[in-house]
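What follows is chain A paired twice: with chain B in the first complex and chain C in the second.
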Partner chain A sequence: MDVVSQGAEAVVFVTTSHPYCSQPAVENDKYIIKYRPSKKYRHPKIDAQITKNRTVGEVRFMNKLEKLGINSPSVISADYVNGIIWMEFIGDGLPNGDISSVKNYLWYLEKNDDDDGCVSDEVQSMLVAVGRLIGELHANDMIHGDLTSSNILLNGKEPYLIDFGLSSISSLAEDKAVDIYVLERAIESTHSVFADSYNKWLLKGYVQGNKKSKEVLARLEEVRLRGRKRSMLG
Partner chain B sequence: MAFLSTKFPSFDKTIFISLLVDVDQHTLEEVKTKLIEGNKDYDFAFFNTNYIISKEHLLNGIHRAMINYKNGSAKSKTLNTEIILNMSPVSNIMEALKRFGIDSSKESANLLCVKVIDDDESLEDINNTLITNLGVSKDQNVELTDDFLLKSVDVAKFKKLYKLNDAKYNDKKPLQNQLTRLAIGACLLRGT
Partner chain C sequence: MTVDLDKFKKPGKDYYLALGLEGSANKLGVGVIKHNLGQLSSENRAEVLSNVRDTYITPPGEGFLPRDTARHHRNWVVRIIKKSLVDAGIKGTDLDCICFTQGPGMGAPLQSVVIAARTLSQLWKLPLIGVNHCVGHIEMGREITGANNPVVLYVSGGNTQIIAYSRQRYRIFGETLDIAIGNCLDRFARVLKISNDPAPGYNIEQMAKKGKHLVTLPYTVKGMDLSMAGILSYIEVLAKDLFSSNPKKNKNLIDEESGELITPEDLCYSLQESLFSMLVEITERAMAHVQSNQVLIVGGVGSNERLQEMMELMVNERKNGSIHATDERFCIDNGIMIAHAGLLSYRMGQINDLKDTVCTQRFRTDEVFVSWRDD
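So, the complex of A and B:
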């Protein structure tokens, strides 16, 4: 069992050992364990409640995605008391061995390819597919809450969403617009050279995935404006 | 001799699973009576096979019951009942027993016997004793497979129980796999 990530809230492990089944109905033979350790600075009772609520919330969101057929890891098991989720491992890895997140993939191209390679048709269709996926999510009134290029993994050419610790249900255009805005800003800061093209392609896909995108896109303009004002004020 | 056994990486116990097919109504009624009497020879989780879609689905229920016991968050008095409860998408124990437990409503039914045992117990002995106690023939003891389970399930009823009628299914993937994933999700979210 290896640690893949140690975030503020959770430790993520990868393992080849399934918790209960030797021939499970999932495609990868590796599994992810997402563990939310208890926080010593919280009161034990409150801590236990928070851990349970967040773990349940994430499983519930993932189950909803599974039902809707929206690309995301399948849940394999959960232990709410100890804050553990077992899930399907997503991704086929990059040639350099890194996890095949959209972020790592785009960085890999920046390092190993020329400019044309970074904005190739292949990159375009991948980002359009990511946009479409987010569009589908929002069409079902589901808000990711923490969209970044590292929270989208690639399995071959297919994008999958992960990390639903901050996810919620909402039909408000505002919440959807903010979700997109967070991703736009993440793209600008992690992939600054080609951010304009990348964001354009994401929106192109978004419109395909969400039939009711008009109000959201109008709202996105406002959210961007607010963001700009805020950054001017410092 | 046809039984399955497996172990879960984080538990010291062995899981014993034995399938008896076409068990007659009289025997099924008798097993029920012995269970009510608390007869030690019948210390198994007994299932019918109408709502178990795959071995993975069953194993998830057993695993989940063991986690709940370890965490002190079990809702049933015995591990066997907790296993049955954890196959169900609804929290009501009577309801779970009715759906998943012994089905003596017909002339005969399949009986799936599950037991969580300590490492040093002989699986062969347990299986032999089970067959002898129930008075079934050895030919009725067949190996549990996913194909068998899929054939025993009425998919329409299954989808209704697990509230999967509104789910989106992918024609390119085996239905059994998709139902397994969705049912496990529903079981994990039971009572949350």
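So, the complex of A and C:
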């Protein structure tokens, strides 16, 4: 079992063993295990509650996405108490061996291609597809909560959403606008050179994916002006 | 680091002395710091010559109001400055500069202290340097602990921020979306009528040590931000019910396992455990985000030993993690940190003209250009 990534909250492993079948159903098939380890610093009662709530939330969200046919890994098995989710393996490696997240892909282009390569038609259609995917998500009143370029994986040319630990259900334009705003900010800080084009394409796709995008985009203007960060007293 | 800190040295003098005046909240602090020529390093530490503080303490159940706090500062500022100079064994005219808190903080107290600073500056013909309170905390924490590029958790009565340095600014990665942690603890202390002497947070910490049962409270972390207003109103209701004629009516006031009635100590314990878990969690997120393994805790709430202990448990599980915290002398608002951060600005030639010494209640950490660092 190899560690794919280690964040603050969870460790992600890749494995070839399936929780039910003794042999992989398909040869060379791989699965992902997301594990939220217990945190020693937390009171055991708080720790158990958080681990369980977040795991349950994430699994529910992923199930709903699967039913709606929105690209995301499907859940194979879950252990709520121990904070383990067993899911489908998504993505393929980039030529340099990194995971094929949108972030790594864009960084790879930045390093290995000229400026035109970073804003090619291929990149544009990929980002439009990402925008469309987020649009579909919001059209179903689902909020990701932590949209960044590293939380979107590319499987071939198809984008897939991952990491729903902070997800929620909401029909408010405000929540959707903040969701997009968080992504915009993330793009600006991680891919600053071409951020303007990237964000434009993402929004282009978003309008295609979400039929009721007008209200959300109007709210997005407000959110941008307001900023997420406020000025504080003493 | 290649920054030259000695471009503005006085001929024939191989050290700098700065007086710092702090009064952004209910503490009035004055301190004198000495820097020798050259970069600050483990061999060339800043020297604290004096660090005097007086706290305006209100009766239990009451907070400090701006007007009364400002009056306290006006009444004490001359005496505290005198004591500070005597402790340091220097005359006012030996100083290189006068540093004061420019913000953020409560308007009236800030103003009464800046008036003292302006007066001294004209009396002794010394330049004035306005200091951002948060940057003061960060720089003093770095100097005292020797942490060179940490993720900073700044937790005090008015602030809750996760900060990391990047390209000459202290950038805010996460913060509270409503009230600050110290504010949350202070207001809870008021409901329970816990004494404000020496500080409500300190008394909550002592009571929490006797707590046995954990009451489940809301837990609101949003990415690297957090929210505490909801927790406060939830626990305030519990506390009020606790003092009602029949506290057992509220199911949440009975411990599930033992069936015992929850005590005020249990509430203090539960509040601390919940709030601090949230803080440690967002700190860990920020560390993962900026790929750092050092944590520095500053601000008044940072002197809480339980918070330090929890942070240590988190940091120990990370590779090469290290935690840095200071004690109450430097955690709680003080004049010396203002003197230290101000002196760094002074050595880089950042001086405020008299007309630019207006205080501001809102002054974000990331507005300050950190000229004395270029890593």
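A few remarks follow.
Quick note on the criterion: the second predicted complex is superposed on the first by the 220 of 234 C-alpha atoms of A that agree within 3 Å, B and C clash if a C-alpha of one lies under 4 Å from a C-alpha of the other, contacts with A are read in each partner's own complex, and residues count from 1 in each chain.
Simple rule for what comes next: contacts are C-beta pairs under 8 Å (C-beta built on N, C-alpha and C of every residue); 3 or more make two chains touch, one makes a residue touch a chain.
All figures in this text were calculated on a predicted structure; none of them were measured in a lab.
Once the two complexes are overlaid on the shared chain, A:K45 sits against chain C while remaining clear of chain B.
In the superposition on chain A, contact of A:G69 is made with chain B only, not with chain C. When both complexes are overlaid on chain A, the residue A:D79 reaches chain B alone and has no touch with chain C.
Contacts of A:K157 after superposition: neither chain B nor chain C is touched. Shared interface residues of chain A, touching chain B in one complex and chain C in the other, do not exist. Contacts from chain A toward chain C in the complex involve residues 6-9, 39-43, 45-46, 49-50, 145-146, 166, 182, 228-234.
Residues 6, 8-10, 54-56, 59-60, 62-64, 67, 71, 73, 164, 166-170, 174, 176-178, 180-182, 184-186, 188-189, 192 of chain B are the ones that touch chain A when the two sit in their complex.
Listed in rising order, the residues of chain C touching chain A in the complex are 24-25, 104-106, 133, 157-159, 172, 175-177, 180, 214, 216, 219, 222-223, 225, 273-274, 277, 280-281, 284-285, 287-289, 310-311, 313-314, 317, 361-362, 364. Note for the complex: chain A touches chain B at residues 17, 19-26, 56, 59-60, 62-63, 66-69, 74-82.
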